[in-house]
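The structures considered in this document are given below.
Heads up, the next two complexes both have subunit A, just with different partners, subunit B and then subunit C.
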Partner chain A sequence: MKLRQVFANGIFRENPIFRLVLGMCPVLAVSVTVVNGLGMGLAATFVLVCSNLIISLLRNVIPKEVRIPCFIVVVATFVTIVDKVMAAGVPELHGVLGIFIPLIVVNCIILGRAEAFASRNTVGRSLFDGLGMGLGFTLGLILLSIFRELLGTGCLLVAGDFGFSGLEVFSESYGALLLILPPGAFITLGLLLAGINWWSGKKGEER
Partner chain B sequence: MVDLLVLSFSTIFISNFVLARFLGICPFLGVSRKLETSLGMGFAVTFVMTMASVITYGVQKLLVLYNVEFLRTISFILVIAVLVQFVEMIIKKASPVLYRALGIYLPLITTNCAVMGVAIINVDEGYSFIQTLVNGFSAGLSFILAIVLFAGLRERMEFAPLPKAMKGFPIALIIAGLISMAFLGFSNFNLQALFGL
Partner chain C sequence: MPREQLRLVVVLALICAVSGGILALVNRVTEPRIKEQAEQAVKRSLAFCLPGADEFQEEHVIPVSQQADKEVLAVFRGISDGVPAGVVVNVEVRGYGGEVGLMVGITEEGRVAGIKVLNHAETPGLGSKITGEKFLEQQAFREAGLDYSPALTQDGGDVQAVAGATISSRAVVRGINRALEAAGAVWETIFIDSARRPEESSQLDEGGDREQ
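Here is the complex of A and B:
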């Protein structure tokens, strides 16, 4: 596989959210607004890229028997860095994302990529895999949160940390409150997955 | 005593770990195809959650003592990983019957974010030792309640005529959404009246 394919693989063919259906906890929890989704996605991307880099560098040093604890320590280090940087730089976003920042450490995607890709591939390829998977995760989160924020509140891109009050598309009184409550997360993601299944099924028939 | 009851009730029903806080979604979606296996997973998770709550309470006290609270994430995840291994070994020796029932689920629990989540919530909320214990156990019960309800509905869905695109995860997520909607009804519950305060 070429580097370009490694990169695109994470975004389309093996998109973590829509194809692998991994790491659903933060996806459901933070997709209330687009900015929250973007923040979570970028935090996870940073951890994914850095841990892929370090693990692929150390892949010949780490003994096979204790590889999982070693991976966890590497991942946890970067999660702590992200946690502290976000607490200092974007305190409001950090407060909203809450426990889901430290919980990146138990996100199946990150440990999964470390085990399935970074521990078997060169540094360059692992870097691109991390970037692709991270961006695929971020784009999936943004797509889901566009639906939830727009249909739930009538606004888009509300960002408290940057003093931006959002674009009002329609009045809030027409918004479907359910979509920003917990059930809305499950239902929106379910419908989105069904839509993507239907679309890719149709494309498969045409071929 | 009454405040512990209120804490337990709100952890199980009002802010249910799976349906309102979105913790432990992976096993919730992955191990809920059959009622028996979901019950087994539920018991294993409850056991580990209670133990993890108690032990991370001690770890947090140590971290504060040595003024290294920034090591919380890294030390909690290691403690949980070790705990799960340890529990697995003990159960294997002490009760082979229980091991056969729970054994296959135990390794999966290390990466269950509900276990790590309950440990972090206990610290963030500043719970006392007893509150930590009650919250850990109730969190496990809330997981059992959610996964058993969900598995029961999912078993019936196996035979329902569905469009091809809706099969599998999409319909499962929509069912989860409907259960979660039912649990929203608890959010305005008057706990004071319920427990006679």
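Here is the complex of A and C:
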């Protein structure tokens, strides 16, 4: 696979949310608004790229018997860095994502890529894999939260903590409240997964 | 111990040590900024709730200690040009999804000047609207004061609850009432202790009367 393909792989063919169906806990929880989804996606991307980089650098040093604890220490270190830097730099976003940031440690995408890719590939390829997977995760989160925020509240890009009241597309009283409640996360994700599977199945038949 | 096993221990220990070192460094850099941010956030909320004051002083005695549920966290005295200009009370009440932290400013006339939701865990898109201007800036809250406790329309008052979030709205109203009670309890200490001139103490008597 070329670098470009490694990168695109994470976004389309092996999209973490819609293809690998990994890291569902933060996906379901933060996809209430687009801004939250974007913040979570970027934080996870940063951790993923950094952990992929370090783990591929150390891939010949880490003995395979203790690789999982080593990966977790590396991932946890970057997560803590993100947590502290966000708290110091963007306290508003940190307030919103606060409880989900530490959960990146156990996000299966990150440990999964460390185990399945970074520990077996060169630094360059691992970097591109991290970027692709991270962007795929971010785009998936944004797609999911566009549906939930728009149909649930009638607004888009609401970021009250940053003093941005968002774009009102239609009146809030027509919003389907269910979509921003937890069941709405499952329903939206399920429908999106079904749609994507149907679409890719159809594409497969044509070939 | 065989060499191979020793290698496992050494590699893992090294990785942990390096991580620990990096984290210590990051913590050193970010810690003061995080503290500063938290302090500034408190200052911003205080200034928002009591725009007339230019300085705030925490009252060390929480006056409503008779409250077993500890809903009043802190009482601040707002000072303008050296004289008390009002009171800001930080309360925490139980909402629908968890604790709702509120800051309520009360002017020296005993009116509610500003309300700010500091933290909450209400349902996003529903109860979370208690932080919005539409709810907090409504006329009924402007009329609230030491002599007039706000209540939801459902409870016989005239505060319009957030649609579909009565429990969250009621929590805010309860918080404001707790803040008013706390302010009422410190009212005399704050305004008597500092009132030296007779006209100010007479003002205070008025405030005391209103309370009843």
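Heads up, the rule we're going with is that the second predicted complex is superposed on the first by the 205 of 207 C-alpha atoms of A that agree within 3 Å, B and C clash if a C-alpha of one lies under 4 Å from a C-alpha of the other, contacts with A are read in each partner's own complex, and residues count from 1 in each chain.
The working rule: contacts are C-beta pairs under 8 Å (C-beta built on N, C-alpha and C of every residue); 3 or more make two chains touch, one makes a residue touch a chain.
Source: prediction; values computed, not measured.
Contacts of A:181 after superposition on the shared chain: both subunit B and subunit C are touched.
Judged by the touch definition given at the top, the superposed model places A:107 against subunit B, while subunit C stays out of reach. When both complexes are overlaid on chain A, the residue A:77 reaches subunit B and subunit C alike.
Looking at the superposed arrangement, the partner reaching more residues of subunit A, out of subunit B and subunit C, is B.
Shared-chain residue A:21: touches subunit B; no touch with subunit C. Within the superposed three-chain model, A:197 lies in touch with subunit B and out of touch with subunit C [touch as defined at top].
Contact with subunit C, but none with subunit B, is seen for A:63 once the two complexes are overlaid on the shared chain. Under the contact criterion defined above, the residues of subunit A that touch both subunit B in one complex and subunit C in the other are 69, 73, 76-77, 80, 84, 181. Taken together, the subunit B residues at the contact with subunit A in this complex read 19-26, 29, 70-74, 77-78, 81, 110-113, 116-117, 120-121, 124, 163-166, 169-174, 176-178, 180-181, 184.
Partner subunit B is touched in their complex by these residues of subunit A: 21-26, 28-29, 68-69, 72-73, 76-77, 79-80, 83-84, 98-99, 102-103, 105-108, 111, 178, 181-187, 189-191, 193-195, 197-198, 201. By the touch rule above, subunit A contacts subunit C in their complex via residues 32-33, 58, 61-63, 65-66, 69-70, 73-74, 76-77, 80-81, 84-85, 87-89, 91, 95, 152-153, 160, 175, 177, 180-181. Residue ranges of subunit C in contact with subunit A, taken from their complex: 4, 7-8, 11-12, 15-16, 19, 22-23, 26-27, 29-31, 33-34, 37-38, 41, 119, 123-126, 131-132, 164.
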